[in-house]
């Protein structure tokens, strides 16, 4: 579904991604972990063109988002194609980024109506199912400011799912929540994984990475140092940076 | 050092503290845990008059902050006395509440100069020792906006210590930090405990409660349900609310 | 009171001129101000610089001079004289001037919207225009209400400047009566009128703020 | 250019009057506005209500009327006439009026300071006054710079209103020359002066903003 | 020397030992009173007033006022005298005491030199401009027939604005004090024409507060004296090149 090859990205002088490659198969759940500043968010943001890469290649489910020509130029897909690609990928941010002026229900149906141009009546049953799935249907007329952090994040997930994405990207979806609310969100994500959604998750929740992810990718300083089945990785991290990191976390 | 007897507090209709009592001995470290909204923060805030209690009694190291007369009126200490009592208690908030317009060093020496009216030259050596202890002396000329969350919280601790308090109150000092920065702050708190500072800590960090605290207090719905030596508590929580809570957290 | 009754016709006429200028300016300057704000935050350097210069000129010189300019300088352009009627001159000067002020209000409002809102919309596939229309603007309106209220209240009082164009706004009518009757009492009428307008505007804006407060 | 050289004496005189009124108003209205803001957020209901009414009155009526009032109504108080000199009248009216506007700026600034700052100071033992002086105000200054800059730029142009008191500010001097020489060219001199003042003020405020940006 | 009378206790009259008369005027009313290039107040009325108060042994101060507020200035005692081409009107006599007239003035009609209008009757259906608060308004309104034949009468903040609008073409005629009108027309003789017909003759007088009877009386005496000994005519020649003194 996602293929990234030798992706490089700098902000000014600072090289943030130093050749990152990744293959994400359909129905796979991959967790990305690593210390702060290692480039995890940037990598995720490159996958749906919130950042433009400097060189390398990214394909999403067969569509090319960017590639480097043999003469070294990086060709980026045009905006219209980017939007089509984005519609196939849901993204959930650390800070939710809900639309505060819309109710819970409106947050879910806004994009299908505006972007996919579907009729309101057509989406409503689906929205109800989604909101029920994440457990906040009873809050459907509340505004984001009136629900808890955990509910906000579950709403963000529902909002992304309403566009019927093939892939879900999560960027530390629980790290602005306190530990109890974290539980709610992780449960929702676990359900998604069980329903066999393709997922790429940047997270600090080791329990989640260990139990839910098929594979774990350990990034440090703009590089992928390890990428192995999660059970193996947690059992016995090869790289000593990874080992130090795990010790610090637990 | 701290004695609270049958403290009650309501916000409008909502009864937040329903008769909370606590005895904190000198050099004791007590952790308060419990679900969100159970009144932990409110209780802490009552101890240094960030909130006024409705009835009950609070004494801090022999000074009375509030007490209920036999005829049912609650008598509060006058502001000047409250300030004296506050100077004996350091408090560290979840959101740091550093002074953004002062450098790291100024944050530490401001209160001793303004409140305790000590000379700058007199405090400087002490400030250096403190900032070294929490490991941010090299940042002394930076502004709070220029340091990381973990460093901010350690600065907040140093700022409170600069007033030479006898007791330190912590309200979820790590819960707005990400897991790695949390480690730094917990290490600093552990050092304080080892130096035998009297501490009252509201926290979601079970590892800290278990290993550092002498006693654990479990609050729920405005009441203290359990208050026992921490080893005992974690071994075998008696109350079923406490047991459910612990399961959810781990 | 007598003064009031005896002069009710010119007073009403003056109030009408004031109100007309006020409402027309509000209706025209708002969209123009918004357009200027969008141009100013656009990526086209030249456009941005042009709008910047425009705003500087409009905010940097007194509105009265701007009216003089449109009224007396444009008709003197050699070969291409533009002679505008009084009221139209007033409307144009006020609109151009207030659009500059309002554009700064809108710009601040737009820039105060969190970057996360744009990203949230982007990843859902929104185009830039859709993002502006459905996500950003509805939130901007709420945020600009307080400064907008300030500007409109200032506008109410600025309308009296059109006396330089021989237009009879309320304050000018009142001043005329004062001159004729040698009594400063009519000024009270003017003060009450302005206070009332201010009161009404404040009320309307507070209602709107409350309306938008639901999602706070 | 000729106009400028031939009339340099009156122009300088006018510029001086404008600048004097401007600076004196700024110097007096700032502390008064701050005091009003503090009164308005105080816990004393009566004080708050009084300040509210004052601000409403001052912002709700044109500055020109307020000058008229001080100038012509006070001398007519039966039994206790107060006759103030022209310039003093202007200074008082401008100060009272601008203090009302500035107080709203300061109030917004003070209320934008996070509650956590007060609590942070409180638990360290700061008194209310110490908190205001050492913690809140230094942060308020930074935040109110942009709106303060707006108000001062408006003030520059408002100074021309003192023509109703027959004081020779720059715009009045220019108008006098226009009337005497029957040529509108001198207005350009006025426009340039105001643009220059605006430019300088903008620059000063931007410097200050940069200065305070260190702790952003 | 000057006052023992009411003006002694006026605010405008300043301190006790050096009592002076404060003359209020519109300092942008050439040629009666205006600012020269050195910012000094000069003009026909200024010279007249200087001479008169010199003879009365009074110090004099010229205070610019907003012409629209002249009555309020007088009654609030910020000025003692209005001396600035002040037309004697019945309505004004309610608030102001006037001396006998010292000069005559006509409300003349100024049109563009390109305009075909040459008579008062030709103003029918035309747009007329007048300075706000001037006595020209009253003069025009008194001529009911002409006034009602206008399509519109617009009032301007000052005469120059009205004359510029005449030049541009938004106005067909401007009615203005003759002395002022001639001054401006002399500046651009190719642009403007002053018609023979006018809106009546009026008289300029000097205004004081109604209760200031002593000042009024002494002022009247000095004026009579100046007319008698030719000083007034002399000043008139200097400013108008002819005698306008009545």
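Couple of notes before you dig in:
Per-chain numbering from 1; labels A, B, C, D and E assigned in written order.
The rule is short, and it goes like this: contacts are C-beta pairs under 8 Å (C-beta built on N, C-alpha and C of every residue); 3 or more make two chains touch, one makes a residue touch a chain.
Here's who's who by UniProt: A, B = Polar amino acid ABC transporter ATP-binding protein; C, D = Glutamate/aspartate import permease protein GltK.
Since we're looking at a predicted model, the values are computed, not measured.
Looking at subunit A and subunit E, the chains that touch each of them are C. Among the remaining chains, none touches subunit B as well as subunit D.
For the self-contact between subunit A and subunit B, the two sides draw on mostly identical residue numbers; the shared fraction is above half.
Separation between the centroids of subunit A and subunit C, computed from CA atoms only, is 46 Å.
Separation between the centroids of subunit C and subunit D, computed from CA atoms only, is 21 Å.
Taking each chain's centre as the mean of its C-alpha atoms, subunit B lies 52 Å from subunit C. For the pair subunit A and subunit B, the distance between C-alpha centroids works out to 37 Å. Looking at subunit A, one finds that none of its residues touch two or more other chains. Multi-chain contact residues, meaning those touching two or more other chains, occur in subunit E at positions 68, 72, 164.
Those residues of subunit D in touch with two or more other chains are numbered 68, 72, 184.
A list of each chain pair in contact follows: A-B, A-C, B-D, C-D, C-E, D-E.
Residues of subunit C that touch subunit E in their complex: 71-72, 75-76, 81, 83, 85-86, 163-164, 166, 168, 172, 175-176, 178-180, 182, 184.
Within the complex, the subunit B residues that touch subunit A are 35-36, 172, 175, 178-181, 183, 204, 248-249.
Those residues of subunit E that touch subunit D in the shared complex are 11, 27-30, 34-35, 37-39, 63-66, 68-69, 72, 75-78, 158-160, 163-164, 184, 187-188. Contact residues on subunit C toward subunit A in their complex (touch as defined above): 114, 116-117, 119-127, 130, 134-135, 138-139, 142, 212, 214-216. Within the complex formed with subunit C, the subunit D residues making contact are 56-57, 59-65, 68-69, 72-73, 153, 157, 160, 171, 184, 187, 190-191, 194-195, 197-199, 202.
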